[in-house]
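Look for chain A in each of the two complexes below; its partner is chain B in the first and chain C in the second.
Up next, the complex of A and B:
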């Protein structure tokens, strides 16, 4: 039995290792094909990505990626494909910024209000897709991706002079009113740039995610619906309720994605607020296999790759090569997990077969005896 | 079956081994690398010369090769490079960047010793403010925005004036009486193109109908999304619009391509003389003219002032029709029949008889 566990750990590690390696090989081939030397490129990425200011950058960048990955993973666990994290977090950050900019009360009260606003807005936006799914059978893939687009339009509508926006004539940007300095979240000072304080909240969110999904009745219900909704229904779980509730939680988690940028860096929502993190989250959740620690590793890897792309560009490589690496990793992850799963299955069958054969030969012996 | 899984197992094991091997290899080489070059990661590529570094260019999304805005800045660099033999470094922004990405880009250029550091595009405004404070001995150039600092050259262009002339040309050349404007992002900057174009059309032929479309309300990817520009242009062409002016950086390629697909329709390019662009050569017979923004002149001036005259050009420098900072292209000679009217309009703007509004 002990040996069996060790094998399982090996099998579990095999897939991510295989996929990263596969991605590196693919990237190496692409670099070779474009007439560049691949090993030097990987070397540049490692040295540049491990410098102290790079480490800070990676942590800061991984924070929203991690939250985004968690938000997507909640849906994945339910067999729900929440592509709408992107729209949910942008809308959430926008309204949170608007609320934060319109108040000036002590930060101890205001920061929680801002964060709560973001969670509520994110949850509400995701709930639209959830309700549509249970009442009208609309696929959440379709509705969330359309809601992304609608979120952008809603923001564009409100982010105008005279509504919730303030035009900065010289900088060509429109922003919400800045959040007063009293409500800026703490940062961790380092030798170089500060590390965002929101990283603490992201870590907490990971713990909550783990606890709720694997240590509570609710989490069990959620996972059982994900495995087989008919079986869950039979055991007394209301599948419809679970769909809406998990979309709400996923949306609330998505609401947190923009908070590190808002409370630690920009203090306002402007036209150049980072977009697309929701889609990064899908890749990160896939990479982390919905496991809170796996997602953290995925988020850090993603941030590292993006940081390393700057180093590559400085050395005369095309920074787009990092996009190739990221794409190859996602593809390789899917393939590698399938390979390892099949291998595990075959191994299990073989073991059972061997046991049966052993039992069978015993019988034969008895007969012949 | 059994053999297959054995092969798979062998693969997994060798893969794991190979990964650890490569990881070890890189870390040892990285050690030797960092002892070799004491400075930054750039030492190996810059040829190891002990001389001062050249120009650090930080492009906006699209980068060198956008046939438009960034290329115009790149031409300024190339011209200075040809004369002064500079060892320069060019970096480009990606879609969906944050403020810290832009700060990092400028910071790394300044830290590596590049001077001047030119930030191409208004999105760098805040980043230039931050980094210019940190490196007071480096001169920064900022295109399209104004930062009030002693070591910053803010280059602003009266693009509403060149767009006005584009509007005059469009109004005189349209056969259907319908012209279109496509903007990359609905902001103050693109508003100046929109306003100038609209005023030029209206002053020339009030009967001409103008359709305005923007690709994105706020997202800067509007300058790097040729597909959506193509869709907007197609929509306009289907409605009978036959002259389309696109102010959207690299996205403009999509629009020009669609316009070229319809005979009798004209595209008006922006920022660079897009008729001359080799990448757009296939479509050049549909490019009526371009509202040129001579970012190259401004960038060249700045590099020259730092590298040759040792007297950095700083402060807010405006480029307009009067000092040839903006102009309307004549290559292709498609405008020869109406050139007189365009020149007349230009004279009126230069003399101040026509005031072009910069807000739509």
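Up next, the complex of A and C:
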């Protein structure tokens, strides 16, 4: 029995190790093909990426990635593909910034109001896809892609002088009104740049995610719908209700994605607000296998790669190689997990078969004896 | 011909026949009548609202240019999904098409660019096939991964290739290729000129027809013609040959197909690779149309193509219509057509009114009431404003897709085994 457990641990480790190796091989081949030496590049990335200012950068970058990964993972656990996290967090951050800029009350009250606004807007935008799915049978993949585009246009409509935007004469851009200093969220000071305070909330969100999904009846229902909606329906779970509720939660989580930037860094929403984190979240959730700790590792890895690739520029490499590494990792991870899963299944079948055969021969002996 | 062919694999036969029976109620003359009625209504609205750009040849030509890449991506999706493989990776395959098309198009000639772009897209498709068919990875996840990988690889290669040496001196940057030469385009001689004079008179119906036809016969890129040929060819290959029947049977019931001796893996491989090639061609069309490879040039057209395909109920005709809708809206936006959209509000009000009457006659009083209510709202909106915000123009194709899918999703029927992983011999 003990040997069996060791094998399972090995199997569990096999997938991540295989995929990182696979990604490194692919990247190395691409580098070689473009006439560059790969091992030095990896070395440069490691040393540059582990410097102390890089560490701060990585933590700050990983915070929104983590939240985005969680938002996507909630859908994944239910077999829902919320491709719309991108639109949800941008719309949420925009309206939260507008609300935050229009008020000037003590931060203790205002910060929660801003965060709540973001969660409500994110949830409402995601709910459109959920309701369309359960009432009209529209695939959430398509509706969320459409909603992403529409979200961008809605922001473009309101982010104009005279609507919710003001012209920033210095930078020559249009932004929302800046959030007053009293409502800036705390930061952790370090020897280099500060670490965003919102990282605490991201950690909390991870704990809540873990608790709700694996320790409550609701989480059980959600996962059972993901495994088999007909079985869940038969055991009394309303699948339609679960679809809408999980889209709401996923959207609310997506609403938090932009908050570390808004409350800790930019204090306003302008046209250069980070975009595309929703898609990063899909990759991060895949890397983390929808597990709260796994997603954290995925988010940190993603941020590390982005930071480390900057160091390559000084050594004559192109930092764009990071896109190749990231793509290769995601592809390698999904393949590796599928292969390991298949191998594990086959092994289990062999084992059960062997045990049954042994039991069968025992029976025979008893009969003959 | 199909009837005899469909009888060979018994499980597929009733479904194919049923699907066809539901469709054939709209015979060719009826469709032509509907088209004619639509043109008359549109030209009436055009004349009343005085928004001449609604049916101008420039608008129509722009719509065609906008529709072709979306249609090609959608056609790629059609091949893949008819064989049971969902292909979100179309976007990435289009990106590969734009890059390789621009590379070969600049360094060799545009037609070599077309070839290279198609091959680039096919490579993406082949990768998708390996990951989903051989390894059995979830198809949507694999597609997302391919999109990330394709964007990364092209960004890296673009910097390595377009930012150095000869390319850089000719205007290449890390995010843009040096210019590509034009590809041959065709104009029907005489007809095009005559139509454009007709169009300038702004006569009711005649000028509208002249504008629409004129847009379709003036300066048509050879790639547009190729796309039209590919649409017709796809229809014939998938619905009129035994190869197509087997391919579609892999998307409907792979176990049954396998039991009849169809090599399901092979068919899926072929379908997904062709799918990538078509998406790649869509990418080349974009690159050659703008004369550049630009980073982020596809801007989600692969996804829109997928939406157009679903909109078209996994059929080439419907897909072409969906792509046309997106292309038209694209063109409206490019020509800053807020006047046109304002006029289209009136058109929509008229259509809703017609729907209300239809529903009333069919005794569906609630739907009739809703349709009438929206018609009145739109008419009031039209009457009280002179123009609409640009953002509404931009959002119209996306909102239209959501509305159409919301209204018709239950009538759509996707291939039965679409998106399900399939293992050889899983039927037992």
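Quick notes
Here is the rule we use: the second predicted complex is superposed on the first by the 357 of 369 C-alpha atoms of A that agree within 3 Å, B and C clash if a C-alpha of one lies under 4 Å from a C-alpha of the other, contacts with A are read in each partner's own complex, and residues count from 1 in each chain.
We adopt the following convention: a residue touches a chain if its C-beta (ideal position, glycine included) is under 8 Å from a C-beta of that chain, and two chains touch if they have at least 3 such contacts.
This one's a predicted model, so the numbers in the text were calculated from it and none came from an experiment.
In the superposed model, A:46 lies in contact with chain B only, and not with chain C. In the superposed model, A:282 makes contact with chain C only, not with chain B.
By the touch criterion defined above, A:324 lies against chain C but remains apart from chain B after alignment on the C-alpha atoms of chain A. Within the superposed three-chain model, A:352 lies out of touch with both chain B and chain C [touch as defined at top]. Of the two partner chains placed by superposition, only chain B is touched by A:17; chain C is not.
Looking at the superposed arrangement, the partner reaching more residues of chain A, out of chain B and chain C, is B. When the shared chain is aligned, chain B comes close enough to touch A:272, but chain C does not. When the shared chain is aligned, chain C comes close enough to touch A:132, but chain B does not.
Contact with neither chain B nor chain C is seen for A:109 once the two complexes are overlaid on the shared chain.
Contacts of A:231 after superposition: neither chain B nor chain C is touched. When the two complexes are superposed on chain A, the residues of chain A that touch both chain B and chain C are 153, 156-157, 339. Within the complex formed with chain B, the residues of chain A that make contact are 10, 13-14, 17-18, 20-21, 24, 39, 42-44, 46-48, 50, 53, 57, 60, 152-153, 155-157, 159, 167, 169-174, 193, 261, 265-266, 271-272, 274-277, 309-311, 313-316, 319, 339-340, 343, 346-347, 350.
Within the complex, the chain B residues that touch chain A are 1-2, 4-5, 8-9, 11-12, 15-16, 18-19, 22, 25-27, 29-30, 33-34, 40-42, 44-45, 89, 91-92, 94-100, 104-105, 108, 112, 122-123, 125-126, 144-146, 185-189, 216-221.
Of all residues in chain C, only 88, 131, 135-138, 140-142, 144-146, 148-153, 155-160, 174, 300, 303, 306-307, 310, 389, 391, 394-395, 398-399, 401-402, 405-407, 409-410 touch chain A in the complex they form. Interface residues of chain A, counted against chain C in their complex, comprise 30, 34, 81, 132, 136-139, 141-143, 145-150, 153-154, 156-157, 279, 282-283, 286, 318, 320-328, 330-331, 334-335, 338-339, 342.
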